[in-house]
């Protein structure tokens, strides 16, 4: 069954997690460029991160054609082991921020599509867009393939970087042809669910129909402004204290389900056990437990076999649901003040350049950041 | 070169990370029993966690003979890819806590050794002992093989669970024949380094000689009592906010090196990027960068290529060294009050039993924990 | 000069602090009923809290006629020592919450006014109203005296308890005849300033004119819902960690001034040194330092004479402006979840009753609060 | 009855609070020099801070003879209203830190005593000494008057600034003739109680006898080093988030009582309601409630009369005992890193000088503090 058949049948589809962040921590990807060349260099590394049989395997568009081809093959192989789907994705372009024309930007998306069509992915995602205008362009290009199209912005409840509301963004994407709309990345789970709720209300108010998806961060971000976790001083190498526990994931999965979202996944920061927790929370709704649950035991049941009796006493739902975990960092605050440069499309500092950033340019940036 | 030749030559040996915790998060191991049956069930999973060429690959003793044999083969194969060593390990036994005799406990260690001898591991570790008395028994058994023996307690600066000081513990272990002594697990890096420093001072004061090792948690634990992180309310499923950043690891590696420790590794919570950070901090001391560093760039240098200019401004050592990362959890405290049941060897609640914990027993534990 | 002459002339009027909270901590007032009977019982206690010559001395309406008469005399005596004004105040009534008629509620205000008229206070304040409807009734009654009337709601940026926006509230009060409008109590300084800013924008948009006042808490309350600090679990006996420093007060005073507020004071939690800090921040704008500044030294200058050299090193503005003060409470969170019973006018639990709360009623409340 | 008769009879004596800090917040004292000239300038201000009938009124030695005379008269007058005692105090001298001789330092103490003898205070306190050597000199001088002598160091459990243990300090003071020994200032209540416990154990082990006193800060200081709160970055103008609640005081009073301390008071940061809480906790032990309790109601009982039902639900002991109060400061940490200049007696930076600190000297200090 394809993605739309599943959603139309009322199934809950569990999306995959955050590949580039996880690969960075395993030593295969460089933070900054984030190019997932591991797909070509270390196919077994990408393969290892595929745990949950239901998850759809995304292929993000940072790599060139060769990387994407290798990634398609890899994803298909893993998907075939279970009952998973393979998605090909495009995301926002530096060209758009550098004020290139609609035609130029669309040409970039088209070029990426060739590989996905050749490898016959199951569906397409226009993902990680900060500006709905560019996302609409992407959807228009993806629609030409005839495959199901999902569109996901990296925005929060306050809307896109040009001030378009979440509700209005959703309406524009559905009108452009997206069958599934939602958000991914940039904000924590409950913030993302709130944003998709607003999108859903907008779509319904406009008399339209769609399916909804959410793929949030696995980091707590109550202190973000509209640009999301990129602006937090901890991004990307000091985010550890913000990582969600598996119990936070239970709350997220339930909340997303209650709002009516049926494509529920994760983005940066998600590890396999986070996705498993989402699937465990929804096990009764879906009718089955995810792969890997035999190594878990719901709500910490496996602790019944721990040697220390006071740890055995923690083998119950109430304990973990009520826990307020300490950071062990008494010299650190609980919230940060985000950078707020307020630059967006057209700002000189965002212009693409062929050369690496020079030391002079870095010096200017350091000074500006003080 | 064997482990002792390397240490005698003044080399820094980087120990491996925390297998069972990492495998649990990837879905291969169950928290509670923590049996690493993945070695037999999913050999490719264990294999994937071997990144750094210098690390010694430990084999912990929770599995039966079959699991340990499979693990030995796997470790040897990965070690051969680089220049790594394979270690076989024994650790504390429920029998000791149940007050079995020295003879009975030693018999358990002997039985485990058979596999390690047959597979010809490079050296042996008596590891994760809360009572130095039991560790001494283990060292005495391990010494009979003629292989180099390391001994590592899971204690902090306050000494073992029977109140023997860290200095005295070290002296006993060296006298029993251990060539390398130190601590692992249970406490955060700086606490563990402090404990090993006390051990070193004790050994030197007694006119003895040894090498020193440290394999701490990758969790901040300033609030622990003598039992370590097992007593923290967050153990083991709510420890996320305590995870060390890579920059915390730099401080740890430098501190350990300055104290004179030359076998520097990690235990529960360590991910590959943590071990890489340890090796990057010591790169000038060792003369080379670790594998995987080409995907990193020291001190965040890779961020020079990030699209957002304010993130590029973070590509410098000073930024990450001074960062005090927020938890994003304003409803959580920074420290916890550990459980302090104060039970140790001989307490009824610690007695081994063949049957699974019954619901009645669990109920009693819940009541006692209130 | 009267209050309006001063404001029309562009003067900054510094309001007084929080009498009942301060008297409670000195042992003269009971938290809960908060009746300031100290005015009659211990006139010297009320007198002692009058420091700053410019402050207007409010008389709150919780006391009966006898208490209010004594308070008027006391306030006048202290005011005459300097150049201060005496204000008489009325505030929200339990009768309104119990759904009494406009006529009944107005009768209560009228009765209180008799004392203020007899004692010839300088101006009147309708203060601490959660519902603008009742505040308008109060203003209408106060206006009949011919004295200047200020109206101050205990609301935040989200408006009153019936959902009327802050802007609309302000317009209603100005139309009812209030010459000064603003907010007091319930929220921290920056939140209150934000609310008054919205009120000012509303008044100006409606083509009306008014002066603006703000008398916030001296407690940080970023975690409040629309009901304010009453809902915080710390209210009223655990608020200590939230107390603002004198440096927080500098920021508040500057922010209020920049927004265009010229009647700047304080409410619960303000101590004399808080008011002094407000007046010190505005010293250049007002042309003089407040009484008591000779015992201070701006920005910690007095520390130049401290015996410890590292404390002398703190005698400078930059040090105190940048300080992020620690709580010394590592087991406490930084934010709370407010009680949110959501009960308002008309709810049975808010009905006035003659008898003291019975043990049965308390039991019901405890159960409801779990 | 004198102080010794009361203590010998098993009475609990409640000490007074922290005059200079409280006067600073009311605008009568300058932080830095901390000279309590208010006694002479504003006698009514000192008078106002005397609430609890049992408290002993201390006179600290920062003022010259004229101030001390005025203070004696004032204290006696207030003490006579109730059943309180008047104490005269001497404390550490800049001369000692500047390495003056025993004879010179003793001459300073002698000069101060003249006023206390003339005004016939009830007993004498050698208080706030960082070095036991100087405290012993003070006790020797005070003993010559024939009045009861108490000796109180500003040290924590780690002993004095020269490394003399708390136990040894106590033994020296008792041998020098002090009938009451203990600590005051510099640390929070539970830390101070711990220090006095060590002193008591030392005295008893030496076969001596004494009474014990404790007068801690009203600030939480878990992060202090041996120099106490002077080293905290928040000292003295950013300590607000550390202020103890009244419920913290209950725990302190009980703990001090259990340890066997019978002279229980407070120092910097104590407000009248803190002393009242101490006396309320010990009401059953002492047989009566303190003055001011009629305005309180134990454990928040006064809240039974609050208008909001959810606040009435807080009128019970369990609620306040379990509360973990939030700071409302999500950008602040819970602990600080103390300044640790490690300078003590003899360091050039501690030398007395007649002239005010010059701008050059301040500049040097700023640079050193970075």
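Odds and ends about this structure:
When the chains are written out, they are named A, B, C and D in that same order, and each has its own residue count from 1.
Keep in mind that, in the parts below, a residue touches a chain if its C-beta (ideal position, glycine included) is under 8 Å from a C-beta of that chain, and two chains touch if they have at least 3 such contacts.
Computed from a predicted model, the values in this text were never measured in an experiment.
Looking at C-D and B-C side by side, the one with more C-beta contacts is C-D. Most remote from chain C, judged by the distance between CA-atom centroids, is B. Separating the CA-averaged centres of chain A and chain C is a span of 46 Å. Centre to centre, using the average C-alpha position, chain B and chain C are separated by 57 Å. The mean-CA centres of chain C and chain D are about 33 angstrom from one another, to the nearest whole unit. Multi-chain contact residues of chain A, defined as those touching 2 or more other chains: 223, 324, 330-336. By the touch criterion given at the top, residues 324, 330, 333-335 of chain D touch chain B in their complex. Interface residues of chain A facing chain D in the complex, by the touch rule stated above, are 223, 330-337. Touching chain A in their complex are the following residues of chain B: 24-33, 44-45, 48, 51, 94, 97, 188, 219-223, 230-247, 271-273, 276, 291-292, 295-297, 300, 302-316, 320, 323-336, 339, 341, 343, 349-350, 356-357, 361-362, 365-366, 368-369.
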